[in-house]
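In what follows, structures are represented as C-alpha cells.
Below, chain A partners chain B and then partners chain C, in two separate complexes.
Moving on to the complex of A and B:
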C-alpha cells in the first residue's frame, strides 16, 4: 500500500520535473508571442496621445513628454468637420453591421437546422455549395455585383452592403450552428412533439434556447465581419456621408497623411467596439468552434 | 428506430430513375423552405456574378462600365495574361505570400495553443490579448504597422539605430526586396490567432486517458505529442491550414493599404492586381479572365477542403 503510494508520488514528481523543460520553452514562447501581439497595439496607443509634433521626432519619444487627448477630442467633437465625419462613419458602420447581424441570424438558423435534421435530396450538395462560398475572394464578385447593384438601384445605399455581407457571414454561421444542432438530441424534440407541439413549436421552444451560445457566436462573427469589411464598401459607396469606418478613415487619411496621432486614435476607436464585444462574448465563440467545427 | 428508418431508406432507394428522385424531392418539399432564404441570397450574390465573370472574360471591353459596346474575342484575354511578365511576377509573389503566411501562422498558432494548454495564472487574460489582432479591422492593422515601419519615424527603425545595427532607419516597405516579408509579418500578426483558436478547440478533444496511458508506457513529452496528440488533430489541422491558405490567397486589405502593390509590383498579389486591372485601369475583360483563373485554382483548393470536411462527416457517422 505504502509502496504504491510511494511510486505514485515519485511518478508525479518525475513527471513534473520532466515537463519542466518544455514548460519553460512554452513560457518563453508565450512571452515572445505576447510581445509580438501587444507591442504594436501599445505603440498605437502611445502615438495616439502624442501631439503631431511629438510623433514626428527622431529618435522617437518612447513616452510622450506632454501626453494629450487632443486627437480623441477632435474625432469625437461633433462641432468640427473631422468629428462630424468620424461620428457619421461610426454610426454608418454600426447601422450596417447591426442589420447584417440580425438578418444573418434569421437566415442561418433555419438553414443550419435543416442541414442538421433533414435528409432531403441535394442536402450535401447545397451544404458544400454554401461552404464553398467562403473560398472566393470579394474581387471575383466585385465587378458583376457592382453592375447588379447598379441595375437594382442599390449603389450608394447601405442595402448593397448588407446584402453582400450576408453572404460571406452565412457559410460559417451555418456551419457553426449545424454543429450545435447535431449535438442536441433529437429525442428532446420528439418528446415535445409527442406532447402535442408542432415541429415549429418544438424548434422555437426546445431547440432555439439550447442553441443560444451558437447563435451568439454566429452573431459576433457576422458583426465583426461586417464592421471590418473594406473592399465592397470601398467600391459600392462613393458619397462621403455614407461611408463606413474603414473606408472613411482611409479616405480621410489619404488627404491628411502626416496626422499620425489622429490616425492611431481613429484606428483605436474603430477597434474598440469589436474588441469589447469579442472579449465579453469570447467564451461562446470558442465553445461554438469547439462544438460546432472541431468536435466530430 | 434506426433499423426502421434504414429499411425505409433502402426501400426508397430501390425506386428506379427519375420518378423516384422526383417523388423523394416531393416528399421532402417542406424541408426546402428552411434552406430557401439562404439559397436565394447565395444565388443572387454568387451564382449570377460567377456566370457574368465567365462571360465577360471572353470579351474586349471599353473603359467605363459601358458594357454594351463589348466585343467577343475568344481566349485573347487569357493568352494576354499568360504571356505577360507581370503575371509571373505576381504569381510568384502570391505563392510566397500564401505559403509563408499560412505555414508560419499555423505553426505559431499551434505552438501557442499547446503552450496555453496547461493551467497557469493569467491564462485567460493572455489568451484574450493574443486573439485581439484577429478581431481588429485589417485597415486599422495596416495603418498601425505602416506607422511602425515608417521610414523616418518608425519604431523598428529607431530601435535598430539605437542598437547601432544601422546608421539610418531602413526603409522596409519602399524596398523591393523587403516589402513582401514585411507585409507577411503583418499578415501573420493578424492570422495566427485564428489557428490558435482552432487548435485550442482541437486540443480539448484529445482524450486525457490516451495521453496518460502513453506516459505510463514511458513516452516522453515529444513522443506523446507526436504519436497521440498530433494524429488526433490531423483533421482540424487540415481544415485550419486550408482555411488559412484560402484566406491568405484572397487577402487584399493589407497589401492594398500598406503599399498598393508597389514598389514596382513587388507586393502585388493576384487579388490586388485584379482589383487594379478592373477598377484602376478599367480593363474589365482581362480582370474577369484573371478572376476565372483564380476561380479554377480555388476550386482545386476547395476540392481538398470539402474532402477534409466530409472526412470529418464520415467519421462522425461511423462513431
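Moving on to the complex of A and C:
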C-alpha cells in the first residue's frame, strides 16, 4: 500500500521535474532571443551618446566616459546643414510611408471584403495572382520597374516609391484582411440587413468595427515595410532633397569620414516611430495574427 | 402580422436545383415549420423569403406585396439565426436598439421599446452586458428580443434552438411556443428536428431534395404521410418500412415476406395494395401499432428479436423481419431477449401501405 503510494508520488515528482526542465529551456531560449534582438539596439544607443573618438576606440568603452547628446542636438537642429538634411529625410520617409499606408488600407479593405464575401468569375485566379509578385525577390523587379517609372515620368518623385511599395504591401494586406473577414460570420451582415441596414451600412456599422484589429495590423505592416525600404528608394531617387531616411542616412554619413555616433543617433531616431507605433498598437497586432488560428 | 405566400418558388445554383417549385401559404398568425434533412432546401427557402439570396423564379408575397426584388430591410421581416448573430461589439441594449435606430425612430421611443422587450423576455438585468458575457440561452433570448422589438410582419427562424443543450432546448421550445401564442405572430421556422416541428408548429412543410413533400398539420402528417420519405422522417423512433410482395388467392390479398410467411390484409388494405403499380408493396407501421407476442397467434408473423432498449416507461424492441429492422414498443414488464423468436401482429386499421416502386402512399376509397 505504502509502496504503491510511494511509487505514485515518485512518478508524480518525476513528471513535474520534467515539465520544469522544459520550462527552463523555454525561458533560456526566450532570454537568448531577447539578448539577440535587444543587444544591437542597446549598442546602437550607447554608441550614439559617445564622442566620435570614443566610438572607434579598442577595446571598446562599454559605457562612454563622457556621455553626450551632441549627435542628437546636431541632427535635430534646423539651423545647421546636417540637421536640415536629416529632418527633410525624416519628413520624406514619413510622407511616403503614410501615403503608402493610407492607400494600401483604402484598396485592401474593399478588395479583401470582396474576396471573402462575393463569388465572381476569376475570383480564385485573381486571389492567387495578387501573390505572384511576392513569389520573386524584390530586386528582380528593380530594373523593369525603373524603366516603367521612367516611361511614365515618375523617376525622382515620391509617387514612384508609393506605387512600388503598394505592390509589396497590398498582396499581404489583402490576404491578412481576407482571413479576418472570413472569420466574421456572414449572418451578422444578414442580420443587419434584415434589421434595416443597406449592404453598405451593414459593412460600415457592423463589419468594419469588428475588423479594426486586422486593419490596424495591415496598416502597421505597410508602414514598416515602406519606412525601412532601401533598394528602391536608392534607385528611383537621386535628388538630395527627396531622399528617404534609409538612403539619406547612408549617403550622408559615408560622404566624409564615417561619423559613427551621428549614424547611430540617426538610426535610433529612425526606429522611434516604428517602435512607438508597435507599442501603441501591439495588442491589435497580436490579435490580428492569432485570430482565426483557433475556432471560437 | 401578415400572411406569406410562396408560389412556384425556384432557386438554382448553376445546374443544381436547391429549391424546386415550392408553393405554400402561411396564414396570418400561423406557426409553420419547414422541416427536412440537411441539404433539403429548407434554409435556402427561408433565405429566399428573407431576401438574403435572389430567387430564380416564382413569387413571394408578404402581406399583400410581392417582395421578389426587395431588399431584406424593406420586407418588414425579422429573423433569428442559428448562431444568433448578435453584434459582438454592442451591448444587449444596443443590439436590441439597432433595428429601431436603422428605422430612425426617436430616441425615447427606442428606449421605451427596448425596455419593454427586455421586460417581456426577462432580461432587464442583462441590458448592459456584451453578448460574449451571456450564456447560450440568454444569447438566444436576446436574438429573439431583437426580432420582436420591431413588431415585424413575419418572424423567420433558422434552427434557433440547435446550438443549445438538450435541457435548454426543451425549455426554449416552450418559450417560443408561448411567444407565438401571446403575439399571434406569423412565424416560419426552419428545423431539421422533426420533434420540434411536431411539437411547436400549426402546420409543417416537409421538404426533401428541394421539393416540398407534404404541407399539413403535424397530426395529419403523422397520421397520413403521403410517401415513404415523410413516413420515415416524421416520428421517433422512425416508422418501420417493410418491403413485401402482394399476391391474391381465393379473393384474399396476402403479403409475403422474405422468410416465406404471409399476412392476410383487411379488405381496406387489400384495396390499397391492389392499386400498387407492381406487386411490390411496402408496409409501414409505427412502433405503437405493432403487438409483440411470445407465441404464434392468428394473423401474426414470425420475427427474431435483434436488440432490446429499455427506456424506463417503455421498452423498444428491434426485430428482424423480411430483411429489415422493425421497431416495436412494449411495456417494460415484458422481458424480451435478443435473438428470441417472437411474433408480430399489425394493427390493420393503423398501418400504411406504400407503392414499392413510386414510394407513394396508397389510398383506399
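Annotations
In this section, the second predicted complex is superposed on the first by the 269 of 296 C-alpha atoms of A that agree within 3 Å, B and C clash if a C-alpha of one lies under 4 Å from a C-alpha of the other, contacts with A are read in each partner's own complex, and residues count from 1 in each chain.
Note that contacts are C-beta pairs under 8 Å (C-beta built on N, C-alpha and C of every residue); 3 or more make two chains touch, one makes a residue touch a chain.
Everything numeric in this text was worked out from a predicted model, so none of it was measured.
Once the two complexes are laid over each other on the shared chain, residue contacts for A:44 go to chain B alone; chain C is not touched.
In the superposed three-chain model, the partner touching more residues of chain A is B, compared with the other of chain B and chain C. When both complexes are overlaid on chain A, the residue A:144 reaches chain B alone and has no touch with chain C. Touch criterion met: A:192 reaches chain C, while chain B stays clear of it. By the touch criterion defined above, A:24 reaches neither chain B nor chain C. In the superposition on chain A, contact of A:91 is made with neither chain B nor chain C. In the superposition on chain A, A:201 contacts chain C only, with no contact to chain B. Against chain C, the residues of chain A that register as touching in their complex are 185, 187-188, 190-198, 201, 206, 209-210. Those residues of chain C that touch chain A in the shared complex are 50, 52, 71-73, 75, 77-79, 81-83, 85, 87-89, 98-99, 102-103, 146, 150. Those residues of chain A whose C-beta lies close enough to touch chain B in the complex are 15, 18-19, 22-23, 26-27, 29-30, 33-34, 36-38, 40-41, 43-44, 47, 55-60, 106-108, 110-111, 113-115, 118-122, 124, 126, 128-148, 150, 163-164, 166-167, 170, 174, 182, 224, 227-228, 230-231, 235, 245-246, 249-250, 253, 260, 263-264, 267-268, 270-271, 274-275, 278-279, 282, 285-286, 289-290, 293-296.
In the complex of the two chains, the chain B residues touching chain A come out as 21, 24-25, 28, 31-35, 37-39, 41-42, 44-46, 48-50, 52-53, 56, 65, 67, 108, 111-112, 114-116, 118, 126, 128-133, 135-140, 143-145, 147-148, 152-153, 155, 158, 161-162, 169, 189, 192-193, 197-198, 200-202, 204-205, 215, 220-221, 235-236, 239, 243, 246, 249-250, 252-253, 257, 271, 274-275, 278-279, 284, 287-288, 291, 294-295, 298-299, 301-302, 305-306, 309-310, 312-313, 315-316, 319.
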